[in-house]
Amino acid sequence: MQRIHVIATGGTIEKVYSEQTGNVQNLDAKIDRYFRLLRLPDADIQVTHLMNKDSLEMTDSDRQLVLEAVRQKLKDPAPIVITHGTDTMIDTGLLLQKSLPDLQVPIVLTGAMTPLGFEASDGLQNLTESLFAARVLAPGVYIVMHNQPFPVDRARKDRELARFVWK
Amino acid sequence: MQRIHVIATGGTIEKVYSEQTGNVQNLDAKIDRYFRLLRLPDADIQVTHLMNKDSLEMTDSDRQLVLEAVRQKLKDPAPIVITHGTDTMIDTGLLLQKSLPDLQVPIVLTGAMTPLGFEASDGLQNLTESLFAARVLAPGVYIVMHNQPFPVDRARKDRELARFVWK
Amino acid sequence: MQRIHVIATGGTIEKVYSEQTGNVQNLDAKIDRYFRLLRLPDADIQVTHLMNKDSLEMTDSDRQLVLEAVRQKLKDPAPIVITHGTDTMIDTGLLLQKSLPDLQVPIVLTGAMTPLGFEASDGLQNLTESLFAARVLAPGVYIVMHNQPFPVDRARKDRELARFVWK
Amino acid sequence: MQRIHVIATGGTIEKVYSEQTGNVQNLDAKIDRYFRLLRLPDADIQVTHLMNKDSLEMTDSDRQLVLEAVRQKLKDPAPIVITHGTDTMIDTGLLLQKSLPDLQVPIVLTGAMTPLGFEASDGLQNLTESLFAARVLAPGVYIVMHNQPFPVDRARKDRELARFVWK
């Protein structure tokens, strides 16, 4: 049984539509419902709901909280998947990379361009890929989305194309 | 073969999520894609995309356009379904009721609280019910949503409950 | 609050795929899960799981059980929806029509060509239409599928077209 | 742009429900429709529909056809995903492993316990994982399903559990 930690921080992947306001917002955690759509018979998925923020609103101290949560999980090393808004995913990833020089497991940052459960969402694809990546990638910090693993210092978000590209 | 006219005016039912802005907006027509998910073997569905507006932004002249479109369809009478934002659906319906005293077919207004294709959307349910209602209801102007037909002058939107209730 | 009785008898609409045998069969009741996908705020849906059979395997005594269940519900009259295999849906409907000459509510038989939850299934459409039909149709026995209400003595299954047609 | 070859051979993942017979069978290719649900912006997916068979009906000469197709693709090496019935997936994989001692790319066999598009299907998860695995695994022959990569000589199908386990 492979333990995989999931640290949820919010972002588009967790946004929900509010019938009262007509907006999509980070109101409720939803990734757990989507994990249940996957078959993970030999995985022990441990989800920590750390915060639920649009990543444009994440502050330096929020990023420190993520780092602290990761450090906590690494005391008993197992791969880590972090769900995160795409706009500042690289910032958080670079902080982790810089702060954790002796990683023994992969840390995978993922998210979505369209919220989980909305038509044409890439959220479940990215979760699926990230949970797989967590098992097979070498130690390091990665962004995994749209069929690709990017070492975090090699990725750049292309807002127009709505995806990450190599830099 | 039963002809059913559909006049699309926008509203939440047609809203789409924009990956560039993170908002849901009336940008593209989408109901045609959802009609294709239904089996309508003995129906001749004629869709008119009249406008694509949040109904809070519909003006009096927009409502006149709806009335004119309906009058046009009624020259060769067949039931009419109008997709519409829920916030001012009753206003448009009351205008139709007042302006068309000698209706020989049902006019069914419908919409959605959550856009078509978003998780937990009521859009396809409401379209399904409305196309059925168009076949079986007596002449008159109705709101059809959530398993209920309301004569338009008997309905009130309860924003908190996110549905129509009897008044 | 409108009470609607649902009597489930099985048929394709309730078939499930078995990973052990690779067949689709009437093993578990599933319509309740699909009712939860619908918004029925003013309906009191009472589901009775009477049997779970391919309708080609229904016997005369099974049909008597359906008739008895219907008689039971009619003691306190409310509309009735019966989910049923399409192959002998008409037989059951004609028995009900003949045995219940003084109906005060509509009885709606429905089913599906493809099981609920399989791609391109018509099951949820038919359930949606039937629950609406149960509210609005005149007393009588009907088949409701694919946007159409058929009085039971006017319908014929066209196996090639996979739908009911007028006779 | 990463080229990934997909060789489709059938199996449960491609089975469709027939409304005429009520059976699920390998009648039409369907994986292409499901690839379109995935975002693969930097992948050049080349699909070859080699056969469409329940893998219990695959013969030795069918397996030779698979081997020949793989040899053909390997002339210009790129990772290969093979969709296949799970019952004899290991047999085909072992043949490939034995016949192709100098692999320079990963060959990933995948399939599904429930057909693509049926409720609770694992098909899209497995396709997603396999296309990712094709990018990141070392050269060799693997089975990838349910979040796990198995070297083909280490896997055993547990029919009761409906999954592969380590041997």
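Order as written gives the chain letters A, B, C and D; numbering starts at 1 within each chain.
Keep in mind that, in the parts below, a residue touches a chain if its C-beta (ideal position, glycine included) is under 8 Å from a C-beta of that chain, and two chains touch if they have at least 3 such contacts.
Computed from a predicted structure; not experimentally measured.
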item	value
Shared chain contacts [chain A and chain B, defined touch]	none
Remotest chain, chain C as reference, centres from CA atoms	A
Euclidean distance of C-alpha centroids - chain C vs chain D, Å	39
Whole-Å gap separating chain B and chain C, where each centre is the average of the chain's CA atoms	28
Cα-centroid distance, chain B relative to chain D, in whole angstrom	45
Multi-partner residues of chain C (each touching 2 or more other chains)	none
Chain contact graph, described as a line, ring, star, complete graph or other shape	ring
Pairs of chains, among all present, that meet the touch criterion	A-B, A-D, B-C, C-D
Sites on chain A touched by chain B in the complex	12, 15, 17, 19-20, 22-24, 54, 113-120, 159-160, 162
Of chain A, residues touching chain D in the complex	37-43, 122, 125, 128-129, 131-133, 135-137, 144-149, 161, 163
